[in-house]
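The next block holds one structure in the form of structure tokens; read it before the comments.
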Amino acid sequence: MAKSKFEYVKDFEQEDKCLPNCWIVVRVDGKGFHKFTDLHNFEKPNDLRGLTLMSRAAADVFQVFKDIVVGFGHSDEFSFVFKKNTNVYNRRAEKLSSLVASQFSSSYVFHWTDYFPEMKLLYPPAFDSRIVLYPTDENLRDYLSWRQADVHVNNLYNLCFWSLVLKSGLTPSEAELKLRGTLSGEKNELLFQEFGINYNNEPQMFRKGTTLLRKCMNFPDSPKRVVVVRYYCDVIKKPFWDDHPEILKAGKTPEVDFVDGMDYFELKKQSGQKE
Amino acid sequence: MAKSKFEYVKDFEQEDKCLPNCWIVVRVDGKGFHKFTDLHNFEKPNDLRGLTLMSRAAADVFQVFKDIVVGFGHSDEFSFVFKKNTNVYNRRAEKLSSLVASQFSSSYVFHWTDYFPEMKLLYPPAFDSRIVLYPTDENLRDYLSWRQADVHVNNLYNLCFWSLVLKSGLTPSEAELKLRGTLSGEKNELLFQEFGINYNNEPQMFRKGTTLLRKCMNFPDSPKRVVVVRYYCDVIKKPFWDDHPEILKAGKTPEVDFVDGMDYFELKKQSGQKE
Amino acid sequence: MAKSKFEYVKDFEQEDKCLPNCWIVVRVDGKGFHKFTDLHNFEKPNDLRGLTLMSRAAADVFQVFKDIVVGFGHSDEFSFVFKKNTNVYNRRAEKLSSLVASQFSSSYVFHWTDYFPEMKLLYPPAFDSRIVLYPTDENLRDYLSWRQADVHVNNLYNLCFWSLVLKSGLTPSEAELKLRGTLSGEKNELLFQEFGINYNNEPQMFRKGTTLLRKCMNFPDSPKRVVVVRYYCDVIKKPFWDDHPEILKAGKTPEVDFVDGMDYFELKKQSGQKE
Amino acid sequence: MAKSKFEYVKDFEQEDKCLPNCWIVVRVDGKGFHKFTDLHNFEKPNDLRGLTLMSRAAADVFQVFKDIVVGFGHSDEFSFVFKKNTNVYNRRAEKLSSLVASQFSSSYVFHWTDYFPEMKLLYPPAFDSRIVLYPTDENLRDYLSWRQADVHVNNLYNLCFWSLVLKSGLTPSEAELKLRGTLSGEKNELLFQEFGINYNNEPQMFRKGTTLLRKCMNFPDSPKRVVVVRYYCDVIKKPFWDDHPEILKAGKTPEVDFVDGMDYFELKKQSGQKE
């Protein structure tokens, strides 16, 4: 068979191993989600179903890649952190990046009807992904802090914007004009004065994004299980890292049979457990 | 806001522009499809529904990326060729690679029920992707020839293997042992002698894989439309390239409103057109 | 011995194979040559000894790398073109790039006294290098055209500048001011009107740069030898490529015992040969 | 001028910034030094002049790159470590790698006659270079330990080999055969029994390689100066890192006017100083 004659084309493939001993971060990001959320009538500025579907899809990625130690997402993006010494797929960057994007997208469509039972998915959405390496724990923490700071900035702006549009009847461009150049404090004031909103009472999930961690937990009528747990907490300050020392320790991840995306508080109720 | 303090982490992202003036090939490949096809009762060695779903998902990728000029797939893989001078996403490799993997996976799940109406999708599958550059037309043709030669070799083997298992009642390891080291001619002979199968009469789709091209066609009651057309033909020899000179010319792709995956022969029937 | 314990650090090395079937160009460029040429009293705007030393060092690079098919240089830079299918050092980019820079620099210092017998080398100069891939013959020709167009633009400007400074007594900033924004034609006119210089009569080496080719030539009292020959000719237009078809053919380079940098015209005299 | 028409070829250059916050190591390595040292009658197994010339050339590299904090070399190789946060040449890998190779080679030839006054340099040697990133201090220490462990292994072997050849009159292949498979202890024993050599009394420079550090020192009749100092010491164990804490601290390197390669012990004599 003429197979061998053509096989030289394999030599054009290029290797792309991630530098060893670095944290590997893969971040997926929705393509054209402005249009996608419009067409599917997402609530503005935050759609609880949409955000929960995002972290549900992310939990599937945790299930596939046992070496992911923390995830963080908001809006139409989600970041996954592989432990420094992971050797999955021999640390080939393109393999990791494409598989995370693929699994996330596939799961997003798969779980759609669970979160939007009355809204048919009109077309299959796509997410790009990028891979970034961080040499130190400090760099990794700063990466997550960067994403969470971004949640804060965007969410405060969006809450103002949509309040002005939906409640005060401004056009989008009027709302944009009104907000242009305002500082955080001014936006907080505007929310309080015009809409009686105390920003700090907004749901944590909207203000802090969703953090996913892998936790080993007790359940009333079953042996301990490792599950993926959702948190809506500050990841910038020290307490988070004190509470979850396993992230930076990044030892060998225990093998688990089943992993699912669960809400931390629900879980505590369900398990009757103090973590 | 503390945003700026963390933003330095963006500098850790690395650029990865594809070399200009090269064909860009992105190939997606199913992850763990042996298990996936088993669990979903795919027919062996080829499942018409599964293969058609693959090219349906591929057609969505064509719709998203107007600069893809040819696609080729079989089994659980599909290759997409971007024209040499494409500037989509500024030729950033990871962007192209991840978006193709993501769109393909998302579409595969989205269209599942159209092709497997009686089989529930049990879990969301994933596809990895890789990107490879080819400097010359000859290299590109050899790439496609390589993939099609692979279809032939694998399909002939699989047809023998599954005939031995399903019709002669051999165990998989007995079948494997019997086929080990046999040449093409011997496999053809075995099919004919033991199972009355003339390999050359097997469906073209199984023997040749599926080629996708973008074609501008007439329809009885509408203006010309550009559609994505399925072919099951030889891409190794010259006639294919003579019949479709637009692939290597790779001029500016015409903008189209709607693109779908259609069967060449159905289409001819439907359009009453000689291409 | 504790050797094995540390050897894991080798895994941090990254592979960087050049894409196959592309022209490989390595260009070296002098570091801080403005200061270097000042300190060593180079003639302005062109120093015959300095330019000849550059091509002498380049000839050594040709001797080391038999797969270099053409070189082109001027001022403090030199480009080397490896044939498309070279497999030297397994096409590892960093190996090729660093070795060319190293050999060129080493040879520049080594041959210094032959070209500057009365000027002591005050300190060892350095050259950086970069590697660039070109997929097609047209791209390669355009690369060389780009470098030669640069020679023209720079040389015309420098001749004007130094004439104004050295002959008209302008300060460098006065000369710069006078030339700012002038077109080619105006510079030609200025040379002719103020200095009686017909630019087209300037030495070819200054106007066209130095091209190095490997040629097999007859010598009166010895067998044919392959030597590296200097040309000062147009490489942009077609005749150059018609006269030297071996560059783009890039077949297997014949093994040679000795290679030196020789002047084409001297060589013709010496060999009594019409090429 | 036609310049712009060709300038697109610049787009084929690829960026290659080193990941931030990693130690950058560039290692140069002699090309064909077996032949080079034979032709220039280097003493075997170690030539004091040759090794000192190597570190003299390395000191020039220190002078050019102020962000190099430690160097280590032996035989025909030398490693240079840039501090983690260096921003020299915007951390472009090829620029750093090629300039180090170039400066080292240029300086090697330039200083040749100072170390080999009676041996004419027969041809200009070349050194390749490679760049490797290390994310942590531990990785960097292990890198240097790896190179020093290599010195030990090679030097012990070479001392045995050349003793057998030069003193016992064995042919090279007889010597090789005799040493094949021997352990460290056996080689030590052989040196002692057959040649009365106590390996531990061999010169430190031969057994430990040469370490270069930048030190600020007092001199009798001048202000403090920063000089490059040669050490021949263990870099694997803790005391070295305790004695030279500035390496890993890698703060901003002080600007210096002049840097030279000096012997630590000579220097102490010269400066009358206890470090």
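Each chain carries a letter (A, B, C and D) given by its place in the written order, and its residues are counted from 1.
One rule holds for everything that comes next: a contact is a pair of C-beta atoms (placed from the backbone, for glycine too) under 8 Å apart; a residue touches a chain by one contact, two chains touch by 3 or more.
Chains and their UniProt names: A, B, C, D = Probable tRNA(His) guanylyltransferase.
Keep in mind the model is a prediction, meaning the values are calculated, not measured.
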Chain located farthest away, centre of subunit A as origin (C-alpha): C
A-C against A-B, pair bridged by the larger set of C-beta contacts: A-B
Interface composition of copies subunit C and subunit D: same or different, split at half: same
Averaged-CA centre spacing for the pair subunit D and subunit A, given as whole angstrom: 47
Approximate Å spacing (C-alpha centroids) for the pair subunit A, subunit B: 31
Centroid distance [mean C-alpha coordinates] between subunit C and subunit A, Å: 53
Shared-contact residues (touching 2 or more other chains) in subunit B: 8, 12, 14, 19-21, 133-134, 139
Complex interface listing, subunit A residues touching subunit B: 1-3, 5-10, 12-14, 28, 31, 60, 64, 93-95, 97-99, 101-111, 121, 123-134, 139, 142-143, 145-146, 149-150, 152-153, 184, 236
Subunit A residues touching subunit D - in the complex, by the definition given at the top: 19-22, 133-136, 139
Complex contact set, residues of subunit D against subunit B: 8, 11-12, 14-15, 17, 19-21
